[in-house]
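Note sheet for the following structure.
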Amino acid sequence: MTSVIYDFTPLTQSIDQFLTKNLSQGWALTIELVIIGLVFLLFYAVIGLYLVLAERRVCAFMQNRLGPNRVGPGGFFQTIADLIKLLLKELIPIRRADKFLFNLAPFIVIIASFMAIAAIPFAKGLHAIDFNIGIFYVIAVSSLGVVGILIAGWSSNSKYSLIGAMRSGAQIVSYELSVGLSLLTIVIFAGSMQLSEVIQSQADGWWIWKGHIPAVVAFLVFMIASTAETNRGPFDLAEAESELTAGFHTEYSGIKFAFFFLAEYMNMFIVASFAATMFFGGWMPLHIGGWDTFNHIMDYIPPIIWYFGKTALMIYLIMWFKWTFPRLRIDQLLTLEWKYLLPINLVNILIVAFISWKHWHF
Amino acid sequence: MTEELFNILKSQFESVEIKEGKNYPEFYIPASELTTFCKFLKDDDRFSFDFLFNLTAVDWIEYFNLVYHLESTKNNKCIVVKSKVEGRDNVSIDTVSMLWPAAEFFEREVFDLFGINFNNHPDMRRLFLEENWNGHPLRKDYIDEINIIER
Amino acid sequence: MEIITYITDIFKGLKSLWKGMMITGYYFVHPKEIVTQRYPENRKTLVMFERFKGEVTMPHDENNQHSCTGCGICETNCPNGSIEIITRKEVNESGKLERVIEKHIYHLSMCTFCELCIKTCPSNALAWGNEFEHAVFDRHKLTKVLNKPGSSLKKEPKEKKLEEVKN
Amino acid sequence: MTEEIKEILFTEHEEYMINMGPQHPSTHGVLRFEVFLKGEVVTRLVPHCGYIHRGIEKMCEKDTYPQIIHLTDRMDYFSAHMNNEAVCLCVENALQVEVPERVKYIRTILAELGRLASHQLWWCAFGMDLGALTTFFYGLRDREKILDIFEESFGSRLLHSFITPGGLMHDVHPNFQNRIKEFIKYFRKKLPEYDQLLTGNIIFQNRTKGIGQLSKEDAIAYGITGPSGRGSGFSCDIRKKYPYSAYPYVQFEEKLSEVGDTFSRYKLRIDEMWESMKIIEQLVDNIPEGDYTAKMKAVLRLPEGEYFQKVETARGELGVYIVSDGNKYPYRIKFRTPNFSNLFIMNKLASGGKIADLVAISGSLDLIIPDIDR
């Protein structure tokens, strides 16, 4: 492939070689882990904070407002100021709450979203770990967050929280199916569960083009289901501020609340980057068959820009959902999953399998 | 409201007094006959006053006047039914909430602010004020030195 | 046939959702429609409507004179007791005792802006002010004395007053 | 399902009680619902009010009639004009005062503008209740234009106290007519957007259709008036039934819907906005010249007797009942407020539904809490 010019593999490999040459195997691994951990911690904080700002600006523009624009140029430091405020806020202890679980819950939520980023390929050679079952891993890990939500709702000794947590449980258990099945269509097309190979398979065209209508259907289903899985948009029943005040995190304050808040945005980022990776070729530049000059120019745009551009587009789509639609009711939410998304998905997988078998995709 | 209908009422209920009010005709009925009178007004086809749009009381110091504003949605007629209850303490009158469910909460309001008890009312509690509030504010002799500033 | 209604339902639903998204999408790409007022920055250009009820004021002319005679009609007409007038008797030029206001006290914190004082004032001594930034840290600061210190009653020639009445 | 499981599922007696309010985002004020749940299903609810009871009726007994006006603003603050008008009409009828034609026209225009503003705010709040947050800003954006008209003429945006017994406080601003015409032109373009954004939305329709069924009989029995009553087919529009002010001069339709669910109440209010615009358009060009107030005495003393006046506010039938003993203060004044009656149907409508339905229903009834408590 021509996009080798932006390959990060030599860089990471040279660091690895440098460390293993000078240190023992164990120490080298530890230092690598620490470096990766620090990088991701920083990345997590920055992305989380600026997604909050982005959401606030996007929704403001949709609502004929300006949004935060006072702190820094164009409100650039608004969320940092918010974070400082949240850090300084009092952590209100709840009487007769299960103290241990109450304090544990935000960490479970945030760890779950943390683990998922590890598998995301940002550019060629730029990912923490390239599992051969990457998709499976992400699906498994991202649904861990619901445990945190359930614990939060149960332990905070509030009726609103409990209802919110139970709703969230029902929601994630059902929508996990659709997310998995819609990703499975691409797995069938690509013939691999390894994320780097899925991306490589899109070098000559993204799956959303190559996969005919079934890929588009799978994409729509994935967007709907993953929005539901992140407790966002029209599916924010677990929070449902007009019904349950704030749902499962009603009783949380200060930085513990910020953890939930941050995790929600990170989950959105993960979901969006997954949609970009699976359906829009991840960091693969846009190639159109036959237009060689065009393809060449596209190759000079760094893959990291391609990746973040596509992800931003997906994030915008999810925000657009949230700021347009009314919230669903819990029974309608389950109806949507079990009566619409799941059957459509199953039929879709059959069609995909057929196409794949006949090699009708490009 | 035609004379004919007045006469029907008069023949059915001897004790009813009819007065031409400023806006609507007014019917004065003793408290003991109130429910039967109201039931007749509601159920009889010639009247069918099915919409109770206002229920309140007026404190005339010696007695309370219960005022029921009724409307017939079929005939587009409005009347006022009034009933007098004597006394200051333990005042009570029969409820009309089984005829018009709307009355249930009007009566609770009257109980709260005037202290008139409604017999057979399904849920006779205070509506606005706390349960342990002293006195009934809309009575003319209600005194609250802290909150009411006399001008 | 149920399968057909099932599928058409899905498409109808998606279409209705798309319609809604077009509205929010339209406003997203049309920043000209933004209605936000950037308040402290636009303070210079922000003009209130001339009839805006900010607070009750007593207009004084260039000689520091007002037209309040201290009759107390505004005080009795105020439903909330937000006006208090303190008057004193003073001997005027012709040797008669005359009522002069010492303090026209106005409690902005109690005012409900019902306009009855201004409307009923027989000598048009009160008017609305356009000031709207009333926030203070101590509510006692909202109690204002409307007549300026050293001010006096406007003496208008009687004929002029009569003319005004005729007009 | 075996009998044993049935027994476990359906014969449980424990109720899960949650307090909705007094501070809750969906009660639009300090109202408290004591909601009893079984899972997500509401078994019954008990409304508790009185958190904002200010004793307006008691205060009115110490006020002269012009002084009462500013208190009526504070009952249903979104229908301030209509509330003022109700008291003024009652006093004028008692004193047998004929107000000038100009006043009648302006009063009607103001009432309809108030209704538009109120319905706009209801629309945005209803969208918010259902989770569509963007509606709130679109509604407020358009309401702002009406408030600007109000501010230019009366100096205040929400609580005007502009109508007095006998006429108006002062004449309207010279720009009044032009601004209204501009606004109508603007809002005729924006109102279809409301439909596109929310009415047609499949999620919205599923959330509202068939929820909170209110039959006509129940509406009459419980005294549900206004758009909520008309949504069930109860023809209760005072503007048509007992026309006052300039309503006899205008052509408009009383919108009725036979369905009686949350969606029909919603649709009815949207339709009413169109009707209001029609009424304003008919009146705004024909405001006759003349005085802005009739000649009134300095002190108003109502002749001894009892007076009742009905007015259609944005939320239903407002009745003012004045008992006068010939003094300058009313002996007893009672406001029959629309929201008071509308609130107490909640138990009937919301029982058996989900929590989300409860929010939708209370939103569709358009409750204003100060109007309930007074």
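So that you can tell them apart, the chains are marked A, B, C and D in the order they are listed, and the count of residues begins at 1 in each.
One rule holds in what follows: contacts are C-beta pairs under 8 Å (C-beta built on N, C-alpha and C of every residue); 3 or more make two chains touch, one makes a residue touch a chain.
Quantities reported herein were computed from a predicted structural model and do not represent experimental measurements.
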Central chain of the complex, centres being mean CA coordinates: D
Result of counting contacting C-beta pairs for A-D and A-C, higher pair: A-D
Reference chain B; chain at largest CA-centroid distance: A
Chain A and chain C: spacing of chain centres that average the CA atoms, whole Å: 52
Distance from the mean Cα position of chain C to that of chain B, given in whole angstrom: 42
For chain B paired with chain D, centre-to-centre distance based on mean C-alpha positions, whole Å: 25
Per-residue multi-chain contacts in chain D, two or more chains: 134, 141, 197-198, 201, 203
Set of chain A residues in contact with two or more other chains: 62-65, 323-325
Multi-partner residues of chain C (each touching 2 or more other chains): 17, 20, 23-24, 35
Chains touching one another, given as label pairs in label order: A-C, A-D, B-D, C-D
Complex contacts: residues of chain B adjacent to chain D: 21-24, 26, 50-54, 56, 58-59, 67, 69, 73, 76, 80, 100-102, 104-105, 109, 113, 126-129, 137-138, 148, 151
Chain C - residues contacting chain D, complex: 12-13, 16-17, 19-20, 22-24, 35, 49, 51-53, 77, 79, 112-116, 119, 128
Chain C-facing residues of chain A, complex: 58, 61-66, 320-321, 323-325, 340, 344
Chain D-touching residues of chain A, taken from the complex the two chains share: 59, 62-65, 159-160, 163, 167, 234, 236-237, 240-245, 323-332
Contact footprint of chain C on chain D as seen in their complex: 63, 66-67, 69-71, 134, 141, 144, 151-156, 159, 161, 164, 169-170, 173, 193, 196-198, 200-203, 205
